[in-house]
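Presented below are the structures under discussion, each in the form of structure tokens.
Look at the two complexes coming up: subunit A is in both, with subunit B in one and subunit C in the other.
Then we have the complex of A and B:
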């Protein structure tokens, strides 16, 4: 199979397979979580705080007082990595074309220089948080296979995308194919790994914020 | 076929009215293409001038004659075209005057007289599905290719059909078309793909053979690295617009009028390796992207089967909605099954629950 054939497979059947696996897993897990159900809350809410769940979704992204100073690498690295990843994924014109091809929505792309800088920052932040996780004995103890897998599945698409963009090999076609395949791997594994937090965090934070508000701890 | 009286290429070109200045200009182009120093221009000119008129047999199989047209009709007269004329082109369907048995006789004579030394140029793919799909003088393409290649010094597969199968080999490939390299494996083969190939690339390979007595360095797809070493995208004059994120969205919008990047309109420049963006066509006048149309990727294997021409390279090549719909439905079904199983587990736990009273807790063990 030539590099171009691999690329064509990745853009066609490979993408369909990855999307199907990802969608199947996401629907399955969302459905399963929702179907677990909760007993009806018969108590009167202590405080009436509409929107507490929604506010919690945002407030949980901010560090609690004093925490940034205690774990600067975790917070700074985490912010740079997440924001940078969002810029790389949603700001690069070819990615927007893919989204347009899949869902029909589009928006203006960012200049490549900006996306490139964000990608470099993201890669650096990911390496920094990995080093932090490896060097901190507590974090290392708490880390399991799922953590290393989630990091790898996220890092490889970034690295292959960066290498493809900068033509780090004579065979650009192969790099592009590997980049798309690595994204497809990420997509297929997303629902079944800790990466599911991209979906699950919204449900979990909303529920926690809402239930806490009803008990008198409004966000 | 025009047969000049001259016995070497230099004198033949002079007879055809090509000035020394033009000839040296052509040699300088070749030197630049082959990344040789300027000082080598004189040596190339001397070698090319004295080069004997190599015998060339040109076989046309499943093709459209576009490759020959590209070479002979690009501009008249070009040195590229003239070099083709001045080599001893002993057999070429389209160009030769002889027909029928006389033509075949010329081929046999050339093969006999220059055994082991002649160049074989092939354009068009070879059908393996049925011998009768494409024949010449009653001989199937595959048999003729094997017969002529046997005594050839080297084979040049001109055009994407001969190099990689091209359009005849596109799905569903009704004739079982294959490239030359699928039939011949004991001779050096140079692929000069393109639909059609750039004239100076064809003659560049010929000139290399005549000047240096061998074939140029090839890439992993059998193409001369000097012409196919870089992608169209990397050498495209519209590349800065790609970097700035400026794209034409349709063929007649403001971006198209301003000459912005054609990536979103399906340009395959990033994955296509050829010299279009540097040598250009029609004596360096233009090339497809300069004319406002994206690259189709015609010099790559699988040309015609690598997704829609007008979809960006990052877009899906197939319709994925069906797979997504089935997956979502399967997800709902699996989720429902899991929910039922979880509720069963919950009910079982509830049934197995043994109430504990305060008295039980206060009992001393």
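Then we have the complex of A and C:
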């Protein structure tokens, strides 16, 4: 298979397969969670409460008082990575064009220089959090195959995208094909790794906020 | 029923619900929960990372309730939970967790890990992996009516003592009154002044109240050890007494887990709502003060701070009331840096105080509170939980700290206006 054939497959059947697998996986995982159900709470909830599930969905994006100082690398690395990734994925004009082609929605792209800088920052943040995971005893204890897989699945699309954008290989077609294929792997595996948190955290935060809110606490 | 490994695993399967599944499915292994847990911050030992304490429950969920987990188990890629593993986890689930809930406030994906620990203890106890101290306390609570073995005659002796000291009759088994007052073992044994304080406050407020010889103990070891059947039995005694006496409100004493047991878990354990209200004593005092039924005078003229009991503040929502009351009587009140719903635990809640094996770790974990007290430079610490009070008083003694502990209810009673107009 030539690079062009690979690119053609990645843009066509490969993308469709990846989207289907990702969507199926997300639906399955959400079903697995919700099928377990939740017992109703018979305790009388407080009528006046500063909290709610919806509030916690938003508020938990910020570190609670004092926590940033306790874990600056985790928080700073996390913010740079997540914001940078969002800029690279949703701010780059060719990505927007692809999304428009698939779903019919579009928005203005960001300047290439800005997206490029964000990508570099994201790659640097990923390397920093990887080093943190390797060195920090707590993170090492919690880490398993899934953690390294999730990191790799996220890192490779960034790296190949950056390399393709800068034409780091004479075979641009192959680089682009590898970039798209790596994104497709990410999409297909997302529901079955800890990357599922992009969906799961909305449920987790809501439950947490709801449990606390009934007691009059903003969690 | 005999505790067995199979019962434990079955219990794990039963307690797993959508919230816990969403927590496990969302964890990114960032380790931030460790930074919020005083057992980790004061020891630096990664095994005390809160989400790690849940590992056997997580694996049970993964293998039983996810397609990927079932496949991994069948392929031999995910090993089953063993009895030896549960035994190894016992100190993590009981000795190094007070169910204080601080990790639940910090987790960036929103996991309420405390909620999951409470459920996991059901399986640990069912498998026979609960600490001896807690098992003994729970047995005493069921057989003798109190985890500390306190009998009604002991309460009667304290009633007489308080009536003599304050000259106020303490009503017993009175029907159709406003309040049924409960006490914790520590209050009966160590701080009977609490009872005297309640009698003084209610006398000025003109409130009708009673103790019940059938339900005087609010401490619920069943909640702490994680056996809902026993917790239900203990709550049921209070519910029966409250309904027999037809009281309007049951007052949880200055005890954190007692409040959780009767206020938040009680109706769910009993499977029905109550026909009476349940309030913490601070809520009642604050209401009486706000409505002008009690008036305060005089001030505590020394620097002091308030230790938020976790179950009353973070897990109970009673954090404004103590501050409103202290504002009236303690002008030199100073807040700790991490306070209110982000307070640090005393280290003795969630059954840790009843677990002799956890004693050394409890004292190490107290270093967090010690640092908070020293940072403020206060010599008086007010709180509203008898268990926190005992834990802190013992630790203050251990660390040779010259700090006075006060119960807020007593403090309020000591500042009642004698002849309010």
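Throughout what follows, the second predicted complex is superposed on the first by the 213 of 219 C-alpha atoms of A that agree within 3 Å, B and C clash if a C-alpha of one lies under 4 Å from a C-alpha of the other, contacts with A are read in each partner's own complex, and residues count from 1 in each chain.
Simple rule for what comes next: a contact is a pair of C-beta atoms (placed from the backbone, for glycine too) under 8 Å apart; a residue touches a chain by one contact, two chains touch by 3 or more.
Note that the structure is a prediction, hence the values are computed from the model and not measured.
Asker: Just to be sure I read the superposition right, which of the two partners does A:65 touch: subunit B = first, subunit C = second, or both, or neither?
Answerer: Second partner only.
Asker: Go through the superposed model and pick first if A:167 touches only subunit B, second if only subunit C, both, or neither.
Answerer: After superposition on chain A, A:167 lies in contact with subunit B alone.
Asker: For A:217, select first, second, both or neither according to whether it touches subunit B, subunit C, the two together, or no partner.
Answerer: Second partner only.
Asker: Check the residue A:112 against both partner chains and state whether it touches subunit B (first), subunit C (second), both, or neither.
Answerer: In the superposition, A:112 contacts subunit B only.
Asker: Can A:12 be said to touch subunit B (first), subunit C (second), both, or neither?
Answerer: Touch partner of A:12: subunit B, not subunit C.
Asker: Looking at A:143, would you say it contacts subunit B, subunit C, both, or neither? Reply first, second, both or neither.
Answerer: second
Asker: Contact-wise, after the overlay, does A:44 reach subunit B, subunit C, both or neither (first, second, both, neither)?
Answerer: second
Asker: For A:104, is the partner it touches subunit B (first), subunit C (second), both, or none of the two (neither)?
Answerer: neither
Asker: So which positions on subunit A get touched by both subunit B and subunit C?
Answerer: In subunit A, residues 28-29, 32, 35-36 are touched by subunit B and also by subunit C.
Asker: Name, in rising order, each residue of subunit C that touches subunit A in their complex.
Answerer: Residues in contact with subunit A: 16-23, 25-32, 34-36, 40-41, 46-47, 49, 51-52, 65-68, 104-112, 115, 263-268, 270-273, 277, 314-319, 337-338, 341-342.
Asker: Please name which positions on subunit A make contact with subunit B in the complex.
Answerer: 2, 4-5, 7-8, 11-13, 15-17, 19-32, 35-36, 93-95, 97-98, 100-102, 108-113, 167, 170, 172-173, 176, 180
Asker: Where on subunit B does subunit A make contact in their complex?
Answerer: Contacts found on subunit B: 221, 229, 231, 234, 242-245, 247, 263-264, 270-271, 300-302, 305-307, 311-318, 320, 323-324, 326-328, 330-332, 334-336, 338-339, 342-343.
Asker: State the interface residues of subunit A toward subunit C in the complex, per the touch definition above.
Answerer: 28-29, 32-39, 41-44, 46, 49, 56-57, 60-61, 63-67, 70-71, 74, 78, 136-143, 147, 192, 194, 196-197, 200-201, 203-209, 211-212, 215-219
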